[in-house]
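The structure's right below; bear with me while I get my questions together.
Which chain is which? They are A, B and C, in the order written, and residues in each are numbered from 1.
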Amino acid sequence: MAENPHSLDDFDRRTPDWYVDRLMQSLVFIGGFSAIVFILGIFLFVAKEGLGFVTTDFDPVEFFTTEYWAPSDEDAPEFGILALIAGTAAVTGLAMLVAIPFALGAAIYIGEFATGKTREFLKVLVELLAAIPSVVWGFIGLSIMNPLIIAVFDVPVGLNVLNAGIILGLMAAPIMTSIAEDALKAVPDRYREAAEAMGATRWQVIVKVVLPAAKNGLLGAVLLGVGRGFGETMAVLMATGHSVNLPTSVFDSVRALTATIAAELGETAVGSEHYGALFTIGIFLFLITFVINMTADLIVRGVRKG
Amino acid sequence: MFEATALNRRNDRTQALFRMLFLLMTLVLIVPVLIILTTLIVKGGPVLSVDFLFTSPTDGMTAGGIFPALFGTIWLVAVALLVSVPLGVAAAIYLSEYAPDNWMTRVINLAIINLAGVPSIVHALFGVGAFVIFFGFGTSILSASLTLAIMTLPVVIVASRESLQAVPHAFREACWNMGATRWQTIRKVVLPNAVSGILTGVILEVSRTTGETAPIMFTGAAFFLPFLPQSVFDQTMALSLHLFVVSTQVPGVPEALPYGVALVLIAMVLLMNSVSIAFRMYLRGKKKW
Amino acid sequence: MVAAAIAAQGVVHKLAVRDLNIRYGDHVALSGVSLEVREHEIFGIIGPANAGKTSFLKALNRMDMFDSAMRVDGTVEFNGRDVRQLRNVYALRKRIGVVFPLPVGLPMTIYENVALAPRLSGIRDRAELDVIVERCLTRAALWDEVKDRLNSLGSLLSGGQQQRLTIARALSQSPEVLMLDEFSIAVDPVTTMRIEDVLKELRSEMTIVLVTNLVQQARRLADRTAFFLDGACVEIGDTEALFEGEVQNPKTRDYIEGRFG
């Protein structure tokens, strides 16, 4: 063993590389751990700023069930967010009505019917549509949709539930399409082949085999779309008309939870009641989206296991 | 025999019908957006000029160019990248190469999902509470960029993790079997083959960061500033916020001006996205194994 | 005291495995395996799929460290040292070269494929690396085919060439043990024969553990052979004797004669 380059004690001696590996493991762990720190930080800091409001004269029943939002009234400020919740719900609801069928339809077309270059092209297009910034969508609602709605429906104001709903639907649809298409792709080809071998048509395969197999993934896509719509800020701020209102028709202007924060935070004094109320809305938004995202994740992961 | 043929023909017709229906649904999503984009180009195009890009707004923002906003956006994005790229790539390396299958890893993954799902305005509130007030950075590029970095961190993590995991496991095992440590394996085999995919993700993040508005509204971006930022502790204008301001907050803006701002913003975002997609396709075409 | 026992027998044990159990979660891959591998022998391991052969190799060079699902109990000694008690387990793997069933050419140049491990061990001198690369490629019977294109990608060689590249890489740190796991599965018969010749030559320099799916390959090469079945080592003995029918367990004869597998 004269030519053996290994010294006898190298089993017992840790080389610099051993320590470098340990060091790098710790360093990259910091990166991973930072995600936990940030999500906790977001909750804690938003809660901290909202705490002053929640702990003084805060009546959750009044906060969530009255529709009077007049935070800057000097004599008797009112903090009821029911109208804001209704605004968000109306806009998100309409957006989903627009987005869900078309997004799922588009996903089915891209995933099950389109082939080769067409499919590749559509996927890229959908990805690009998903990248359009929300402030641009808001501008579109303001400058293109607004006059269009006034002209088509003969209403005095075009900034309303309909406008924001369509904008938000067009915004959320590409993301839902991508995720739904992934869910369809996750269905193994042998399922399709087995059904086709028994003489089923493409359409029968989709309805009887692919959609049932992908249903959790599709549900996850829908939920993530709801989360996106719910949390959207700039487009909703610019396209809803931004007036506190319990909507009775799609032509009513409304105001959304997110938009309220965006519009008012700049005018409030740090630590004031109004400021605390806006952060309390923030906590509410955080918790709702947290639940939506967790549910979507559970549903989607349920698929992978099953 | 004849019956079967008739059935087949009917199935073919149904098939074609459904194919048309779904194509139509796809087009309903895509065509209006293409029309809208065309409108933006038609109305905003005439505004664009070298002067528009390289001069300041004048006359109470009703005339002039967008240079300070463009300049500020570059600042914001650059500082955000300085934070999010190292953190995000590190997180991706940890999750892809080191993380054991335990509760901590699951919690990290859930945190990333939620980080991506929290509304942008809540990120803004966090930025105000944490960076502006608690850490005392004030409304500044630093506060705004940190907020943006945290918000877009999941983009970097997810894209980087995907490209790391696209490197076949057999390469790692070959290295480990030769006595390489995990880190040596990452440095010599995994990262060199994943770095272009990570770059794709970073370009995507730049595009996302450029378009974000809500997170910077109260943390560092100003409606109008007569001077350019000198350091990360200054406020700055930003292109995305500028679009919001000229289209909603300033009276007497000529109609074409906001279209021009919107066009520049969307051109930047879509250009970077296209580069990222083209780069990804190019990489897919030239596999090394 | 192991060393003393070995000295008494006049046989040097390169590897000593005692009561080795391997589990993946609830699935038992290997149970109660005890055997010794002598220095400078070719030790064959045969057996049907899922007999635990690959898991066995992974336990020898502590690859379980990289597989969080894999649980190993029992002792494995390398040169009389328990491999589970080493402070620096990476040094162990430098002394054990491994060749996989499917060839793995790393996506770097042919030269870098072979020079990678020596570089990681701190060899910087280009001339020294040149010598190592040429020597290892020559011994793996690949040098003549690639000497003019050492800078092309190793991952784009043909399957047979990649497998010889893998062997060259495994030799690059002058290992004391070479483990091969069904190396001929994805390789043409000509390459298989060339590699078998290589192994016969290497026997004088190192100990070889050869897991093979071809019983005749074990017969051609191995000094002693073990038969693994359903996670247990059911037979171990001199190869010639086994093939002539001197077996403890009738299943061994059935397998060797091709009645199942």
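Keep in mind that, in the parts below, a contact is a pair of C-beta atoms (placed from the backbone, for glycine too) under 8 Å apart; a residue touches a chain by one contact, two chains touch by 3 or more.
Here the structure is a predicted model, which means the values were calculated and not measured.
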_Suppose every chain is reduced to the average of its Cα atoms; which one is closest to the average of all protein Cα atoms?_
B
*For subunit A, which other chain has the most distant CA centre?*
C
*When the contacting C-beta pairs are counted for B-C and for A-C, which pair yields the higher total?*
B-C
*How big is the gap, in whole Å, between where the Cα atoms of subunit A centre and where those of subunit B centre?*
15
*Averaged over CA atoms, how far is the centre of subunit B from the centre of subunit C? Could you give it in whole Å?*
48
*Rounded to the nearest whole Å, what is the centre-to-centre distance of subunit A and subunit C, using the mean of the C-alpha atoms as each centre?*
52
*asked:* Two or more other chains touching the same residue: where does that happen in subunit C?
replied: 90-92, 94, 120, 173
*Which subunit B residues touch at least two other chains?*
181-182, 184
*Per-residue multi-chain contacts in subunit A, two or more chains*: 17-18
_Please output the residues of subunit B touching subunit A within their complex, sorted ascending._
11-12, 14-15, 18-19, 21-26, 28-30, 32-33, 36, 39-40, 86-95, 97-99, 105, 107-108, 110-126, 128-130, 133-134, 150, 153-154, 157, 181-184, 186, 207-208, 210-214, 217-218, 240-241, 243-244, 247-248, 255, 258-259, 262, 265-266, 269-270, 273-274, 277
*For the complex, which residues does subunit C have touching subunit B?*
61, 63, 66, 68-69, 90-94, 96-98, 100, 102, 104-108, 116-117, 120-121, 153, 155-156, 166, 169-170, 172-173
*Show which residues of subunit B lie in contact with subunit C when the two form their complex.*
100-101, 170-182, 184, 188-189, 192-193, 288-289
_For the complex, give me every residue of subunit C touching subunit A._
81, 86-88, 90-92, 94-95, 120, 173-174, 176
*asked:* Help me check something: in the complex, which residues belonging to subunit A touch subunit B?
replied: 17-18, 20-21, 24-25, 27-36, 38-39, 41-42, 45-46, 48-49, 101-103, 105-106, 108-110, 112-113, 122, 124-129, 131-136, 138-140, 142-144, 170, 173-174, 177, 201-203, 206, 224, 227, 230-234, 238, 258, 261-262, 265-266, 270, 278-279, 282, 285-286, 289-290, 292-294, 297
